[in-house]
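First the structure, in the form of structure tokens, and then the observations on it.
Letters A, B, C, D, E, F and G name the chains as they come in the text, with residue numbers starting at 1 for each one.
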């Protein structure tokens, strides 16, 4: 099995061994992309993940070596180790890891040529700039800047880059000046190997709102079933009683059953019917006396 | 509105809303009957679909009666 | 509904809603009166403020709208 | 409302709403039965389609629950 | 709903809603009583204020639906 | 509500809502199963179209009891 | 929706919604459990306030179409 490593220099062999240990000791092995993350932020992310997940940076070739040496289905991770990759090890499940990594992302300034992850909006309001060439620079990229009260002000809220569009150099510069940080920067999970399955990010995005809606729906369905099928539970017995009472009252009124509890409803109904007929009669020439309405 | 109630009573009982019938009902209730009003009522209702007028009125409903507890 | 119409007719005419009065009105309308329902009606109305019940009904505005047949 | 509940109990159980049955149910519940009310009840329900009347209750209610979040 | 009506009937009659009482009422109505449902009902009602549940229901008044005469 | 959820789970999974199945599900959830409630549940659902019953809106009690488990 | 029902069953029974528990419940219901869905469910519900969702349901009883789970 030492097929690949026996020619490697010692430091490389140590790296590979460390990766192999990480794989052996964790139920989840992931490959993350670290492209464009400043070193300071990497430290920050590591700190946030401490106790939950470990990040191991290594050259892609060494990652490949390690995967090959471990062998088996984990080798499939190989094809996801591209660019500036790192390994991540954890005992959490891949959905949780994905969520965790999303949560460690922070906002950063956009670099020219990057894609807007969402609509980039410049809000209206005052800026800290004194009047100067900045006004023209902002206006040039379509930001409605103006001078007001000796300060540069954005006249109205404006979307300068739509989601998915490329951010040009001029806009990137303007955004930096305005201190707008549109980019989500953090570890991007490329793939996670967990219990013999490789999970890619598209499988790991959780729509929590959909879950919430489904919980509400399920609870409604249970409530409906309990009431409609008359299966009393402490939560629904009130509604069931209410239904029975409403039905009884309705039947009582519909059938004109003169009982104290509903006689007022019956009177009300008679009164409304009388008014309906009175108005119809009035429309056909019958003069109503004042008391009628 | 005694006159209207008399008409409704007759209609519900399946009787014709005639001057005679309305007068009889009102008298039985001790009302001093005004002939002219009876005539006017009967004439007016001649062209009215009473069932329809009733059912329209009955729709009104629910929200009305406030917390009658 | 005949029985309640009779009761409201009497009430509107300022008469007491007694078994006797209700029966008289219904008979005048040609209704085959069932004593039990008359009794039940009068009993149900005993402590009820009819005017109040009527004014509550009036809250339901839909009744006012349609009319023209 | 005991009388109406008794009637609906019988109806729901697939039994006829007769004076005898209503009386039996009320007695079993310890109610001092008034014959007149039983008669009135049965008479009132005679011409009513109870299922239809019940289903009308379902139409009403929405407005009820005032979303007391 | 038979079971519920039995409970409401007992409650309205001022009796306790016990398994025994519910069973007696249902039997009087000719219902083949299932003990389990009686137990479940009584258990569910244990901590419920029936009067409150009733008065809440009363807020959503009956008689709502169109009254096609 | 555990019993209801167990029934819904089985129904959704295309399984019959039998006493045996409900009990198995509840036990797997660590619930101390009461046979009577299982029986009551299954009996109540026997003639019910579950799909219809879950989608037909039931009215919550006026002051929607908040989140009681 | 089986997975959601299983979660609600556990939650109502006062148990934690863990992978192990959800799997056990689903298996007991005869569902062919997909590990990934269980994991996704558990991860998703970690940040969902189930009690709040339930109480929301009690206020707005109308049944909406299920969102893809």
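By definition in this document, a contact is a pair of C-beta atoms (placed from the backbone, for glycine too) under 8 Å apart; a residue touches a chain by one contact, two chains touch by 3 or more.
What you see is a predicted model, and the numbers here were worked out from it, not measured in a lab.
A centroid comparison over C-alpha atoms places A as the chain most distant from subunit B.
Using mean Cα coordinates as chain centres, the one most removed from subunit D is A. In summary, the pair subunit B and subunit C forms a contact in which both copies contribute largely the same residue numbers, shared numbers making up over half of all those used.
Each chain gets a centre from the mean of its Cα atoms; for subunit D and subunit F, those two points are 28 Å apart.
In terms of their C-alpha centroids, the spacing between subunit E and subunit F amounts to 20 Å.
Remark: subunit F and subunit G have CA centroids separated by 14 Å (rounded to whole angstrom).
Rounded to whole angstrom units, the spacing between the C-alpha centres of subunit A and subunit B is 63. Under the contact definition stated at the top, the residues of subunit A that touch 2 or more other chains are 218, 220-224, 230-231, 233-236, 238, 242-252, 254, 256-259, 261-262, 264-266, 268-270, 272-276, 279-280, 282-284, 291. Annotation for subunit F: residues touching 2 or more other chains are 1, 5, 8, 40-41, 44, 54-66, 69. Looking at the complex, you find that subunit C touches subunit A at residues 1, 3-5, 8, 12, 37, 40-41, 43-45, 47-48, 50, 52-54, 56-58, 60, 63-64, 66-69. The touching residues of subunit F, counted against subunit E in their complex, run 35-41, 43-44, 59, 61-63. Residue ranges of subunit D in contact with subunit E, taken from their complex: 1-2, 5-6, 8-10, 12-13, 15, 21, 24-31, 56-57, 59-61, 63-65. Chain contact summary for the complex, subunit A toward subunit D: residues 243-252, 254-259, 261-262. If you check the complex, the residues on subunit A that touch subunit F are 218, 220-231, 233-236, 238-239, 242-243, 246.
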